[in-house]
Each structure stands twice: as structure tokens, then as C-alpha cells.
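What follows are several structures.
Consider the two complexes below, in which chain A is the common component and chain B and chain C are the respective partners.
This part shows the complex of A and B:
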């Protein structure tokens, strides 16, 4: 299996190159036979990549430590769960994993367009096969081949980083990778539109769902990452503006901008160059994210020297994307002229444009903050690092403006909005926003940015609720439907609009969750068994926590779940004097990673706040592990995180809205099918649907 | 031995799969299928969607009466131009499809009479109040109350 997998990887490169060359020739010479062969190369590379990936998983499952990659990220007693996840545990495997998803999506795109949109397909296939070739060249020639051998077989592997031994490991990275790779399809169609010269809104209609799919996976992947950080890293936060986190945020920001600005092109025939540039930028950022996190550049600037080759190949590829994009756009500039102009600054297109500028401002700030250490060391010699204070100072104001726009955009009409109508539509939401602000002020909240967030959030939420109410009421009146049915039909009839509003509602709730962080409370206390700690909540009540004692686990002959040793503290919780259950928090070390003990936090989550307990220190660890009664003293960090749950609720609502927008709506794509639409209901889901 | 046989088999299968179309002369289409929208038809669809949004904005009180009428006139004119272009394209390329001509005449008549649905583009029988395909109210003369009951019903464009 391993040999076959390695062979498959080597075979995939000539096949991908064949496809890339043939597809472009097929497009230029209009040769259908070459095109069919090129399309088959996409399926073939997908098949070969599946074989290569199965070979790696097989090597992990069978503890084939003669492979460098397996030896670096696995050990004998590692859970099967994480052995399968070994495919994306490290740089080498995750590049293959990237290619696997890329080829999956490429195959779906080629298959679903085998009988439609044929004029685009030679170039689409050409672009997809070129990108596949790029990743194969990296895998095979940049010292990152997952099949590279050590030359000897170690008795056991070095094990997986303990922080990765968490169930989110099997969920978060694949979701992000799905998001990164799905965006290749809109990029391929955009380049195909430029090359074929068919530059009406057709390519946008064809790829809107792919863009949304990519956005959906990125959004979920980012939220999953936040949840993982919150559960596992044990510092009570969920976002640290870490370069790897930022890298996943960048393409999401530009994809969000794109999802808004393509509506202007579809509705008004404007911003064609802008949209084209955003597609290229977003794709570039998905590659950049992979580059940043998987080239070794990010852990340390000094690893740059060791990873020189892969960094240069990536930089060359990214330059090629920019170069090709710019040249093609300039070449097609006459066909990309705007059909309209913005008529008024009080219009939805103006609001969308402003939203785009804000998103790009955030994008640039995040990018700059992420790259500054690299730039400063490269140019000045001294490494300058910026942390959360920089990112928060820059992004909170932009974020609040964006949040406000979420409420303004939907209420402003396309083309021109009259002040009178604005007044009519904004009076209630603004009043609610101000009322919430006043109520919080009276309740004693004094944190400026948080208050502004809550006020704007209330304003936006009112706008959304009123929109749903008005739309539903219109259906109740016209269709004489009952309210619940009218509501469901309203959403079902225009999933794009209402799905978008549901996403907005999720964003609002998430922002409120972020703002809750401003009121976070934390104390650190050392306790002996039987002693208690008082933890006041910012919401007024307080918790009493009694430390009951430690229990320990030491690995015997047959280790359970890869654990070498574990110390677990039990706490009894009372809320306002009433029993509120128990909590356990632990420190543990995993086999092969004994020098990196991790903390397992304890959480008591409720709608308004989380009680979050960390076993920060066990001063006499050796004694505790020997169950010495005099070695039971431990230090806890107690936290109350207000509204943190709202981040996860918001994330779920965003996912729901995204799914509604993605759901096939059965509106036919072919020109004359409206006449016989019922026969085609439930047509193609992705490319080809709009 | 098994490994070598498997490897040879794999490579041979891939090569055959790729070369088969070229050797056997099978080919993939490189042209727009005849039932797919042309540029003009896409434009028409986009205009109809824009019309739907204008209707919605008006019904929910985001557009004033005057702007609404002006925008509707503009968009209806754009839709007609797109339809004429589409007709030009089809008569140039698909003279062998007479039903298409009838379809265009019907759609065009429907746009003028308000029986073409602004939401899904379907043609409806004259006098219909609601679209038979998607259920959205149509803009026929004398059809019922305005969507939210408060605004007066506009004249058809």
C-alpha cells in the first residue's frame, strides 16, 4: 500500500502537467478530444491522490516509523483516531491533504459541468490542473515528500504534539482546508472568463455557490479553531492574533467582501474589475495561508534558511498568480467597463462599497501585523512583533463600523434611498440601540468599546427582526398564509437574501460575545484539600469553589489513551450558596511527549457566562503522583467569562444562514427552463446553479 | 512481485484512460449548449432579478413612490432591450427553432402586460394574480392590494 501510494504521487505529476497543457491547447485549437483527455486527467489525479493519502494513513496505522513523517508525528500507543488524522498533522501530510481536497472539488466542478458551460471548461481545467501540478511539484521536489524515508527504523515515533491530541484535531483543520481549496473553483472560472472573453455576470452566477461554500467552510473552520483554543489551550481566551489564526482569517475577509460586491455586479453591472481582483486576491490568500502555516516560515524566521526551497517555490507561484491576474485584467479592460455608476451615496451599492473598503482595511491591518516580524527582521535586522493590543486597537473600530453597516445595508434601497424612507426605517432600530446602551450604562457597565458593541448589536438585530417581520407580514396578507408558513416560505423563496440576514444575526450575536470579554473576571489561588475560594461574577452573583482533593493516574503496561501520568483535581461548586455540581480539571503528560504536560480545563457553561477553572500548578508533582498526603496543595486559576457562549451560538447561526444560502433552490439555470421549471426543480447544486 | 504488477497495472490504466479519447476520437463539447443562457439572456435574467428587488424594497417601504416608478421604468426598458438582443442572437443562430420565436413574443408580451413573473421569469396566463410557478404576486392591472397593504399599488410599467 505504501509503495503504491508513493508511486501514485509520482504518477500524478505527469498526469497533472498533461492535463494543464492539453486543456489550454484544447481551448486555443478548439480540440474536443484533447479537452476530454484533459478532463480525465483531473479525475485521474484525484484518484492517484486518494491512493497516495491512503498510503500515508496506512503507514500511520501500521506504525511504519521508517517514514520520517510517521516517525515525527506518531507513536505506537497513539489513538487510532489521531493516527488517521496523521495525514494532516504536519507540513508534509497536510500539503498532500490540501491536494486531496483540491482534486475532490476539481473533480466535482468538472463532472457537474460536463454538459454545460462548456465554453469555460478548457480554461477551467487548465487552471485546475496547473494548480494541482504546483502542489505536486512542491510535494515531490521541495523536501516535503510525506513518503521520505529515514534510512533506519526507530523503535517508536516521537508522538503527536499533545495540544493536537484533541478531538477538534479531526474537525478543525479539515474544515479550514475545505474552505481554502473550495475557493480554487471560483478562481478557475474567473480566469476562464478572462481568457474566453465571456465577461458578463455568468461566471459569477456559476461560482457564487462555490464562493459561498468556501466562505462557509472558512467561517466554520475559524469558529472551530476558536472553540479548540478555548477548550484546550487553557488561558480562557479564544483568539490570540496568532499568525496561523490570522492566516485563516485573511481569505475569509476577502471572500466576505466578494460575496457582497458580486451582488453589485449582478444587480448593477458595476465593479467588474474590482470583483475580478477580489477573486484573485482571495485565492492568493488561500495559498498565502498555506504558505505561511506550512512553509516553516512562521515558527521562526530562522527556519527560512532551512526551508528556502519551498518558500521560493511558493513565492514564485504567488507572483505568477498576481502576474497572470493583472495581465489578464489589463488585457480585458475594455470588456470590463462598468455599465452603471453609483447614483447616490445613500444607496445599497454605496453601503456595500464601504463595507468592502472596511473589510479590506481589516485585511490589510491583519496582514501587516502578521508579516511585520518578517519584514522588520528582513529589512532592519531587528525583529518587531506586534501582539493583540495592536490588532485590537486597529480592528475594533473597523469591526464596529462593519457591524453597523450590517444593519444599514439591508434597509437602504438599491440605486437611491430617500432620506424620508431612511428616517422611517431607522427610527425604531436606533431607538432600541440607544435604549440598550442607556440600560447597560445605568446597570453600571463602563467599557466604551463593549457598550458601543452592545448598542450597535441591538440596532442591527432590530433591523433584521423588522425585516423578517415585514416580509412575513407581506406574505401573510397576500398569500393568506399562517405566520409560521409565511415565514418559512419567505426564507425559502429568496434563500440568498434571508440566509444572508440570518448570517448577519449570527455575526451580531458573536460580536456581543466578543464584547462580553471586556467584563471577564479572573483570580489565582493556591488551595489545600477542603479549602474554598470565592469567585465573584461580573453579573453580580458569586461562586464558592471547594477543593476536594486529587486523584492520579500512572501509565502501566497498557497505557490508556496514550497517557503517561495525570493529576486530576475535584472541585465542588456552589452558586450563591446553592449546590451547582462538581468540576474536574487536570494536568497530564502524554507518552512520547512527557516534557510537554497539558492542562485540561474545567468548564461550567451557562447562557450568560462560563465558569472556567484551570489547574495552573501542582508544586510537588512527584509527591502528588505518589499519592503523598502532604503533596496535595495545588494552584487554580478561576475565571468567569461573560457571554462567551454567544460566540458559539453566533457561530452556529452563521453556519445555519450559510447553509440556507447554499441550499439548492431549484430555480433553473438554463435559459428556457423557467417555462418548465417544476420538471427541473432540485437541479445541480454547485457550479451551474445560481 | 505483486507490488511491481500492481504498479504496472496502475500506470497502464492511467495512461489508457488519458489517451483513449485522443485515440478513439471521442471528444468533449467546447461550445455553449443551445439551452444555456447567452449573454443577453443572462442580462435579461439579471434585470428581472433587479426588478424583483425593487418590488421588494418598495413593498417594505425602502423606496419612495417616485423612485420606485422611475426605477421600474428603467429596468423594464433594460429588460426589453435584453430581450431584443436575445432575440437577435437566437434568430441569427437558431433559425431552426420556431418555438423559440413564439416564446420570445410571448415573454415580451408578458413583460408588457405584467404576466411575466419578476421573481422567476416564468410566463403566466393573462389575468393571473400570482405566478403559477413560484407563487409571487404578479403586477397585473387591478390585482388586489399592495404587498404590505399600506402603499398604493403602482401602475404596470
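This part shows the complex of A and C:
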């Protein structure tokens, strides 16, 4: 299986290159027979990539430590679950994994368009096969081949970093990769539109769902990563503005901008160059993110000499994308003229455009802050970094404007908003926003940015609720339906619109969760068994935590497999004097990774706040493990994180809204696209090419 | 065109505000990211650098960790030149990945102030795991 997999990887490169050449020739010469062959090469590369991936999984499952990649990320005692996940644990495997998803999506796109949209397909296939070739070249020639051998067979592998042995960390990277790779399809169609000259909004209609799919996976992937950081990293936060986190945020930001701005092109025939550029930018950022997350280019203490080759190949590829994109757009500029002009600042076009500007401003700020160490070292010689204070200072104002726009954009009129339109739609929401602000002020909250967030959030939420109410009421009156049915039918009838509103509601809730962070409380206390700590909550009540003592586990009798040792502290919790259960927080080390103990935090989550306890220090660990009664003194960090749960609820609501938008239209409601020239081998299939 | 022209002015205005925010943001929050070697050179050349907050990436010297009443203490050396070292003191919680075990190569990024007594007073300590989990053939042979 391993040999077969490696062979498949090598075979895939010529097949992909062949497919790319064939497809572009088919496009230029209008040769259907070549096109058919090129499309088959996409399926073939997909199949070969599946074989290559299975080979790696097989090597993990059978402890084939002669492979450097397996030896680096697995060991004999690793759970089977994490062995399978070994495919995406490190750089080498995840590049293959990336290619696997790319080929999956490519095959779906080619298959679903085998009888329609033929004017685009040669170029789509050409672009997809070129990107596949690029990743195959990286895998085979940039010292990242997952099948690279050590030359000897170690007795055991190094094992997987214990911090990565977490459920969220297993699904977080694949979700992001699904998001990154799904965006290749809109990019391929955009390039195909430029090459074929068919530049009406057809390519946008064809790829809107793909863009949404990519956006959906990116959003979920980012939230999963936040959740992992919150559970596993043990410092009570969920976002650190780390280069790797930032890299995954960038394409999400530009994809979000694109999802909004394509609506202007569809409705008003404007922003064609802008949309084309956003597609290219987003794709570029997915490649950039893939590169950054797996190269350690920014953060590494080393110079990046050892990664130089892969860095140059990636930079070359990214430059090629920019070059091709710019040249093609300039070439097609006459066909990308705007059909309309913006008439007023008070219009939906203007609101959407402003939303785009804000998203790109955030994108630029995050990108700049992330790359600054590299730029400053490259140009000035001295390495300069910026941390969370920079990102917060810049992004909080932009974020608040964006939040307000989620309430304004959907209900303000196209072209030019009248006074009545503004008054009718915004009087109540503004009143609610101001009321919430006033109520919080009276309750004693004084944090400016947080107050602004809550006020704007209340405004946007009211807009959304009123829209749902009006729409449902109209159906109740006209269709004589009961309220719940009217509501469901309303959403089902225009999933794109109402799904979008649901996403907005999720964003609002998530922002409120972010703002809650401004009120978090933290104390650090060293306790002996039987002693108690008082933890006041910013919401007014207080927790009493009694440290009951330690329990230890040594290898053999561990409740968690693989555990070498574990020290677990038990705490009894009382809320306002009433019993509220117990919490356990632990430090543990895994067999084979004794040098990397991890801290397992304890959480008591409720709707409004999380009580979060970290076992910060066990001063006499050896004594504690020997159950020495004099070695039971430990230090805890207690935190109350207000509204942190709303981030996860908001994430779920965003996912729900995204799913509603993605759900395929029923046959009855689908505006069927006329089937174009059916594909016949050898026939002229390229109706739109010029 | 006049309408689009007016709009263009708006765009330029937004772009200016964005640039201004980023510019001030960087200049108010930026931190020098140095190697131990660069830090020592800089401080020798300009003693006022003792008061500037800096970020330094070094490698933990195996066996140098000490627990003190005030917190943690360990020594880092320059990644390229092992003779350049200084002691780090830190009162917070060390990351789980921190260790001074000789079996491990641990890179630490410390942020804080390099005191005049040549001790680095850290406000944050991060450990970099990138290279640690990518095994080297030599490491595997030894293990």
C-alpha cells in the first residue's frame, strides 16, 4: 500500500500536467475530444491522490517509522484516531491532504458541468490541473514528500504533540483546508470567464455556491480553532493574533467581502473589476495561508534558510497568480465596464461598498501586522513586531463599523434611500440600541468599546427581528398560514436572503461574546487542601471555591490511555452560598512525551459566563505524585469569562445560516439554467469562446 | 461621472483613515524583535535600551531552570552563538511546552525589559514548537 501510494503520487504529476496542457489547447482550438481527455485526467489525479493519501494513513496505522513523516508525528501508543489524523498533523501530510480536497472539489465541479457551461470548462479544467500540478511539484521536489524515508527504522516514533491530541484540533485543520480548497473552483471559473470572454454575471451565478461553501468551511474552521485554543491552551483566551490564526482569517475576510459585492454586480451590473480582483485575491490568500500555516516563516526563531526552497516555490506561484490575474483583467477591461453608477451615499450599493472597504481594511491591517517582522527585517534590518494591542486598536473601530453595516445594508433601499425608507426601517432599531446602551450605562458598565458593541448589536438584532416579523406576517395575511409555517416557508422561499440574515444574527451574538471579554475577571491563588478562594463575577454574584485535594494517577492505572502521570485537583464550587458542583483541573504527561506535560483546564459554562480554572503550578510535583501529604499545596488561576459562550452559540448560528444558504434549491423553485450545447466527443463544444 | 467622482473622494477619505489608524497603531505598539546577540550589542551601544520593551527569541539552555520565590528563572542563549547568554526571570505561568530538558530543543520568545544587571525581566514567555516536533533523523536515531 505504501509503495503503491508513493507510485501514485509520482504518476499524478505527469497526468495533471498533461491535463493542463490538453485543456488549454482544447480551449484555444475548440477541440471537444481533447477537452474530454483533460476532464478525465482530473478524475485520474483525484483517484491517484486518494491512493497516495491511503498509503500514508496505512503507514501510520502500521507504525512504519522508516518514513520520516510517520516517525515525526506518531508512535506505537498513539490512539488509532490520531494515527488516521496523522495525514494532516504536519506539513508534509497536510500538503497532500490539501491536494486531496482540491481534487475532490475539482472532480465534483467537472462532473456537475459535464453537460452545461461548456464554454467555461476547458479553461476551468486547465486552471484546476495547473494548480494540482503546482502542489504535486511541491510535494515531490521541495523536500516535503510525505513518503521520504529515513534510511533506517527507529524503534518508535516521536509521537504527536500532546496539545494536538484534542478533538477540536483534529477537525480544525481539515475544515480550514476544505475552505481553502473549495475556493479554487470560483477562481478557476473567474479565470475561465476572463479567458473565454464571457464576462456577464453567469460565472458569478455558477460559483456563488462554491464561494459560500468555502466561506462556510473557513468560518467553521476558524471557530473550531478558537474553541481549541480556549479548551486546550489553558490561558482563558481564544484568539492571540498569532500569524497562523491571522492567515486563516485573511481569506475569510475577502470571501466575506466577495459574497456581498457580487450582489451589487448581480443587481446593478457594477463592480465587475472589483469582484474579479476579489476572487483572485481570495484565492491568493488561501495559498498564502496554506503556505504560512505550514512553513513557520514568520514566527520561527531561526532564519528560514531551511525552508527556503518551498518558500521560493510558493512565492513564485503567488507571483504567477497575481501576474496572470492582472494581465487578464487589463486585457478584458473593455468588457468589465460598469453598467451603472452609484447614485447616493445613502443606498444599498454604498453600504455594501463600504462594507467591502471595511473588510479589506481589516484584511490589510491584519496582513500588515502579520508580515511586519518580515518586512521590517527585509527593508530596515531590524525586526519589528506588533502584538494583540495593535490588532485590537486597529480592528475594533473597523469591526464596529462592520457590525453596524450588517444592520444597515440589508434594509436600506437600492440606488437612493428616501427619508421614508430610512425612517420606517431604522427608527425602532436605533431606539432599541440607545435603550440597551442606556440600560448598561445605568447598570455600571463603563468600557467604551464594549458598550458600543452592545448598543450596535441591539440595533442590528432589532433590524433582523423586524425583518423576519414583517416577512412572516405578510405570509400569514396573504397565504393564510399559521405563524410557524409562515416563518419556515418564508426562509425556504428565499434561502439566500434569510440565510444571510441568520448569519448576521450569529455575527451579532458573536460580537457580543467578544465584547464580554472586556469584563473578564482573574485571580491567582495558592491554596492548601480545605482552603477556599472567593471569585467575584463581574455580573455581581460570587463563587466560593474549596480546594479538596489532589488525586494522582501513574502509568498503568490511568483513566486516559497513554498517560504517564497525572495530578488532578478537585474543587468544590458554591455560587452565592449554594452548591454548584465540583470541578477538576489537572496536569498530565503522556507516555513517550514526558517532557511535554499539558494542563487540563476546568470549566463551568453557563449562558452568561464561564468559570474557568487552571491548575497553574504544582510546586512539589514529585511529592504530589508520591501522595506526600506535605506536597499538596498548589496554585490556581481562577477566571470568570463573561459571555464567552455566545461566541460558540454565534458560531453555530452562523453555520446554520450558511447551511440554509447552501441548501440546494428544490426542483420546483430552481430557475433552471438552460442546458447549453451538450458535450459530444469531437463536437464543437465551446460556444462562447472567441 | 461627477457622482462617481464624489464617491471617489469618499473612498480616498476612508483609505486615509485606515492608513492613519494602521500607522499610529504600529508606532504605538511596535516592539523590537531581536536575537540575544542583537540585544546585547544594542544595549552596549546605547544603554537607554535597558528601558525599552523588547521581544527576544533565544534557545533555552538545558538544565538552567530554577524555581524562585518570585517565579521562574532560566537562561537562554543565542541560536547561532551559544556563548551569548542571559538569564530570564518570569512571574507568570510558563507554557506547557516549556522545558529545560536536555532531550529537547526549546526556543523561547520572551517579551519584556533587559535590566541593567543583565537579567531579562519577562512579561510574557512563549515557547516555539515548530522545530521541536519535526524530528531530525539524528534525533530519531538517538531515541
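Keep this in mind: the second predicted complex is superposed on the first by the 656 of 690 C-alpha atoms of A that agree within 3 Å, B and C clash if a C-alpha of one lies under 4 Å from a C-alpha of the other, contacts with A are read in each partner's own complex, and residues count from 1 in each chain.
We take it that a residue touches a chain if its C-beta (ideal position, glycine included) is under 8 Å from a C-beta of that chain, and two chains touch if they have at least 3 such contacts.
Values in this document were obtained by computation on a predicted structure and should not be read as measured data.
Chemist: Have a look at chain B and chain C on chain A after the superposition and call it: clash or fit.
Modeler: With chain A aligned, chain B clears chain C, so fit.
Chemist: Put chain A at the vertex: what angle do the Cα centres of chain B and chain C make there, to the nearest 10 degrees?
Modeler: The angle comes out at 150 degrees.
Chemist: Touching A:578 in the superposition: chain B (first), chain C (second), both, neither?
Modeler: Neither: A:578 stays clear of chain B and chain C.
Chemist: Looking at A:421, would you say it contacts chain B, chain C, both, or neither? Reply first, second, both or neither.
Modeler: first
Chemist: Examine A:390 and indicate which partner it touches, taking first as chain B and second as chain C; both and neither are also allowed.
Modeler: A:390 sits against chain C, while chain B stays out of touch.
Chemist: So, does A:156 touch the first partner chain B, the second partner chain C, both, or neither?
Modeler: A:156: touches chain C, not chain B.
Chemist: Quick one: classify A:622 as touching chain B (first), chain C (second), both or neither.
Modeler: A:622 contacts neither chain B nor chain C.
Chemist: Of the partners chain B and chain C, which touch A:482 in the superposed model: first, second, both, neither?
Modeler: In the superposition, A:482 touches no partner, neither chain B nor chain C.
Chemist: Determine the nearest approach in Å between the Cα atoms of chain B and those of chain C after overlaying the two structures.
Modeler: Superposed on chain A, the two chains' closest C-alpha atoms are separated by 19 Å.
Chemist: Where on chain A do the contacts from chain B and from chain C line up?
Modeler: Shared contact residues on chain A: none.
Chemist: Which residues of chain B touch chain A in their complex?
Modeler: 3, 6-7, 10-11, 14, 17-22, 25-33, 35-39, 41-43, 46, 49-50, 53-54, 56-57, 59-64, 67, 71, 100, 103, 117, 119-123, 130, 133-137, 144-145, 147-149
Chemist: Would you pull the chain C residues touching chain A in the complex into a rising list?
Modeler: Against chain A, chain C makes touches at 1, 3-4, 7, 10-11, 14-15, 18, 21-22, 25-26, 28-35, 38, 55, 57-59, 67, 79, 93, 96-97, 99, 101, 103-104, 107, 109, 111, 128-131, 133-135, 137, 139-141, 143.
Chemist: In their complex, what parts of chain A are in touch with chain B?
Modeler: 3-4, 7-8, 11, 15, 18, 26-27, 30-37, 39-41, 43-44, 48, 51, 114-119, 121-122, 198, 200-202, 205, 266-269, 411-418, 420-421, 424-425, 467, 470-471, 473-474, 477-479, 489, 493, 667, 669-675, 677-678
Chemist: Within their complex, state which residues of chain A touch chain C.
Modeler: Of all residues in chain A, those touching chain C are 65, 68, 71-73, 90-91, 150-152, 154-158, 160-163, 234-235, 296, 299-302, 341-343, 345, 350, 354, 357, 361, 364-365, 368-369, 372-373, 382-387, 389-390, 393-394, 397-398, 595-599, 614, 616-617, 619, 637.
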